[in-house]
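Following are the structures in question.
Each of the two complexes below includes chain A, the first together with chain B, the second together with chain C.
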Partner chain A sequence: MLLKNVLVRLITTAITLFGVAVVVFVLVRVAPGNPIAMMLPPGATPEDIANLSALYGFDKSIFEQFVIWLGGVLRGDFGTSITLRQPVAELVLGRLPATLELSTMALFIALGLGGTVAVIGARKRDTATEVGLDLTSGAVLSIPDFLWGLIFVLLFGVLWPILSISGRIDPRIEFDFTTNFYIFEGLIRGRFDVVMSTLSHMLMPAMSLALPLAAMIAQLLKQNLKEVLNQDYTTLARVRGFSETSVILREALRNAALPTLALVGVQFTFLIGGTVIVERLFAFEGLGNMAIDAVINRDLPLIQGIVLLFAALFTVINLLVDLSYTLLNPRLRHG
Partner chain B sequence: MVDATMPLRRRRFRVRNLRFWIPLTWIMMLVLAALCAPLIAPHDPLAQDLFLERLPPFFMDGAEPGYWLGTDSLGRDVLSRMIYGARIALFVSVIAAVSTGIFGSTLGLLAGYYGGWWDRVISRLVDIWMAFPPVLFAVLLVAVMGTGLTSVIAAIALIDWTRFARVIRAETMVQAHMDYVDSARIGGARRFTTLVSEILPNVMPSIIALLMLEMGIAVIVEAILSFVNLSISSDDPTWGSMIAEGRGAIHFAWWVLLFPLITLFLTVLSFSTLGEGIKKKFDPVLSS
Partner chain C sequence: MTTQPHENTLEIRQLNATLPNGMRLLRDVSLTLEPGEVRALVGESGAGKSMIGRAVLGILPSAVVHSSGDILLEGQSLNAMRPKTRRSIVAKMSALIPQDPLTALNPVRKIGPQITDPLVRIHRWSRDRALKRALELLERVHIRNPERVMNSYPHELSGGMRQRILIAAAFAPSPRLIVADEPTTALDVTVQKQILKLIRELQRETGTAVLFVTHDMGVVAKISQKVTVLFAGRVLEDAPTEAIFNDAAHLYTRGLIAATPTPNATAEPFRPVPQDLIAQLQRDTQAEDVRFYQGGRK
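So, the complex of A and B:
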């Protein structure tokens, strides 16, 4: 039964990814404007255009182009960027670490902040503090990451300029990266100035991405905590003399966390989607910023590569969340 | 026990009323500003005056009378641009939300009521659509369709229909098993008639609540697309293009960013609060 569920999930994931590939390909092909003509100098002859079109495969039928492109994608060949004249796979993988570091940091901030607020809310349940926290998290939830980013730009860029509001690292720092995972590599090679500079550049974009998710975690986890706190085993822990806070932290949290984690998994993909505009806002050199440049420059192969990578990331995360939820939850495991 | 809970209940009651009236007042003010823009805007929103560039707002030194919220880097009046910006923001939000709602709800109703292949195809499309990062999808669609308000509205409808389709599909499935649906069918009503005249009115509250949320989302999407210069021409007064300008001039003229940002903030918060309120009011489980 379990194996069958997993198989069905894998197949639907594959169908989704294929659908994404079709949609991306069709969208990019119906875009007006000839990207080949834009690559050549004004004096180019029709033969020049035809030659370059043939080089990029634009002279074949749409269906043939799709088959060739998909075949390349499956082999890891995403074509060549028109504006940057480099393999798309290389460019995209070069930017992916920045976006992954940013989203991971945002996820940790959301979990820490949301979890803390949820525990406080459950501890102070049925008081004015809880009502206040509910109202605040409701408002925080409805403001999207783009606006949080702008608010942080104003606060820390103008009012209290202690953090940098653009870039990924202080450009004056001399450091030869081999992986593009700045924090990871800085830590391993003991360059704490690199780590600190990257973290301080990431803090505000990560906060912008984290706040809506933190509010969602705060609301849901508090609700689950309150339900668990009415059950017998938590009463037993209280009778045994544990304080309310330690009942929450030691007993309730473990059991209340599962539904929240399922939500966090799904919401994490929305958070990664948010990096596109937040990176733009903070001039952070990640995948999202590159994607917007690619769209503005009509760099078709690059757009296809980036959108496909994002979509693959989303579907794989959703798949992992589903599978781990099935494995962790005994009721679903045997269902 | 009763004494302890009474004040809390009364306070909640009042808070709930305020949570309805404050956002509604703000939206009404925006509607008024948009309708009467030529009457209340102190200046032409497009008029540039390089002698008046980057004037600070009224409460700072160096402010010029008549330019209450200052001017931008081209000497255009910030307040007037915001008032005219409300026109574009509200226009986009209403048209985009309604088209998204019609498109998505129709698919949700069909998938939820007819099931079978309808449901399989629509649900698979929703899955595929949800795999795209929405902002990147919007940017890509506008790049494909060309810049302009029509493209912005079409992009919103083409991306966000899934929000309506998912919710309305689930609600329709619940409604389709209710007794009143069966009695309508036994009474001789055709399936399509039952769907339109029996089920649709019962899922309408959800559609309206989602419409409110969608209006807030549309305002943000328009601002984001203006911010990356893919909405209408950057000269035109939109909140997003003002924000983009303000972001660029943040160290010289922060007010160009601050005032449109406050407006956008209040508008989004108002739409989502109203949407939540409607959802709670009509949901029998939540309102009890």
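So, the complex of A and C:
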């Protein structure tokens, strides 16, 4: 049963990724803008252009190019970046940890903040506090992540400069990373200056990404909590003498979290999409920032590599959401 | 807490409950429950019988306005208490057997902690004692393999089993008072009998007083010593069960008894409570409402 599920999952993932690959491959080639023209100085002869095109294989038909590229991918070779002249796989995987750390931190901030507000809102239901929280989360939700980024830069970078507004870590810190997970590695190797500097750089972009999601979680989870708090088992818990807060945390939260989780899964993929612009804003050296450069330079192999990695990331997230669903809901564990 | 044996377990004095729109759910309801006594609250839907139980347990819907009256548990006035004290006193002295066993257990938590949690966290028992008590009571309510059931989730058990578990959970802390809110209504008929028998047996063994909410006169005859008949939140009749069945004072009560379907269908056809009687009662109630609001306002 489990094996069959995993197998079905793997096959659908493969099909999805293949579909994404086809679409991206074709799109970047039919879209206007020629990577070769970007590389050559003005006044290059048609002969130069033809030569360079042939060098990168752009003279062949799209179908032929795709087959060649796919053949490489299956052998683990995602091509070479045109602008950076390095293997795409190396470049992309080198940037992945930065984006993973950033979006994971944003997710935890969103869950913590949104969850807390939801619990307080449910605890204070039908009071002015609830209305106030609803209005606040509505307002927070209506401001997009990049605007939050600008607001934070203004507040904590300019008016009260306590956080770093650009990059991923203080360049003066000397530390020889073996992985690109700065926080993780800093923690493991006990270098708290590394961790603190990374956090100081990550806090604003992570908050910018987290706030809209936090507001969404706050609203949905509170609504679900209020419904669960009308259920017979929560009434019974009150009769048994548990305080309202205790009823919310022990009896209601897990039940209310189930429908919220589905939304968090979907929204988290949007959050990762948001890293593209937010990373750019904070000059954060992650995948999203690289994606923008790749698009500007028409670096076709790099674009393909990044998009494919994003697609793989999304499927992994969906898988994790489904798994946590099973963990939270005992009814899904059997039969 | 000192308990005086001569005191009533529960005493309700002139209890009124009103909705913000002025609709009266309970009208001067008074009743007493002696230690070890079973009192049935009967009446049709909306008569306020569940409301009385909810008022005692402090779980009235938040919209309900308490206008007047008092509830005493073993002589202690609940209205005089601060909400936190009240919750703790009510939880330590009373328990609820809910109506629908399918929705009264938390679907994502195992059965065991749902029984032992209140014993440990509210009644301050040791974990071992709570566990022993839970197993003992599950066995008492004829749950086979109680250890395994404690480790199960509600969806793995049948409705009858879940109701037996809820009965075990209600009796576990040895409460002075149990409110049974139509505990057999959601179950199928064959299971109803067992559940009723179980509640009656446990009640006799433990001497717990029971406020038994039901609309079924057949159930009343089987389980209770006293009966309170309600109509539109008003007590129509309050008498020993024998007296109610042999010689009910109120026409409405007689109607209710006559309307109870009997298994031997050969006897007589089903007779609902006469419509003109209900209409008369409703007119009485409205007239009383008018007097209440005129008198109450000035």
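Basically, the second predicted complex is superposed on the first by the 279 of 335 C-alpha atoms of A that agree within 3 Å, B and C clash if a C-alpha of one lies under 4 Å from a C-alpha of the other, contacts with A are read in each partner's own complex, and residues count from 1 in each chain.
Operating definition for what follows: a contact is a pair of C-beta atoms (placed from the backbone, for glycine too) under 8 Å apart; a residue touches a chain by one contact, two chains touch by 3 or more.
In this text the structure is predicted, and so the values were computed from the model without any measurement.
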If you stack the two complexes on chain A, which partner ends up touching A:233: first (chain B), second (chain C), both, or neither?
second
Contact-wise, after the overlay, does A:242 reach chain B, chain C, both or neither (first, second, both, neither)?
second
Is A:284 touching anything from chain B or chain C once the two structures are fitted on A? First, second, both or neither.
neither
In the overlay, answer first, second, both or neither for which of chain B and chain C A:254 touches.
second
Which superposed partner A:30 touches (first chain B, second chain C, both, neither)
first
Who does A:69 touch here: chain B (first), chain C (second), both, or neither?
neither
Applying the document's definition of touch, where does A:152 land relative to chain B and chain C: first, second, both, or neither?
neither
Figure out whether A:78 sits in contact with chain B (first) or chain C (second), or with both, or with neither.
neither
When the two structures are laid over each other on chain A, which of chain B and chain C touches more residues of chain A?
B
Contacts of A:328 with chain B and chain C, given as first, second, both or neither:
second
Name the residues of chain A shared by its contacts with chain B and its contacts with chain C.
126
With touch defined as at the start, can you tell me which chain A residues reach chain B in the complex?
12, 15-17, 19-20, 23, 27-28, 30-32, 126, 128, 131, 135, 138-139, 142-144, 146-147, 150-151, 153-154, 157-158, 165, 272-274, 276-277, 280-281, 288, 291-292, 295-296, 298, 303, 306-307, 310-311, 314-315
Within the complex, chain A is touched by chain C residues 57-59, 62, 84, 87-88, 90-92, 94-96, 98-100, 103-109, 117-118, 121-122, 153, 155-156
Which residues of chain A touch chain C in their complex?
126, 231-233, 235-243, 250-251, 254-255, 328-331, 334
Touching residues on chain B, where the partner in the complex is chain A:
8, 11-12, 15, 124-125, 127-128, 130-137, 139-141, 143-144, 146, 216-217, 220, 223-224, 227-230, 243, 247, 250-251, 254, 257-258, 261, 264-265, 268-269, 272-273, 276
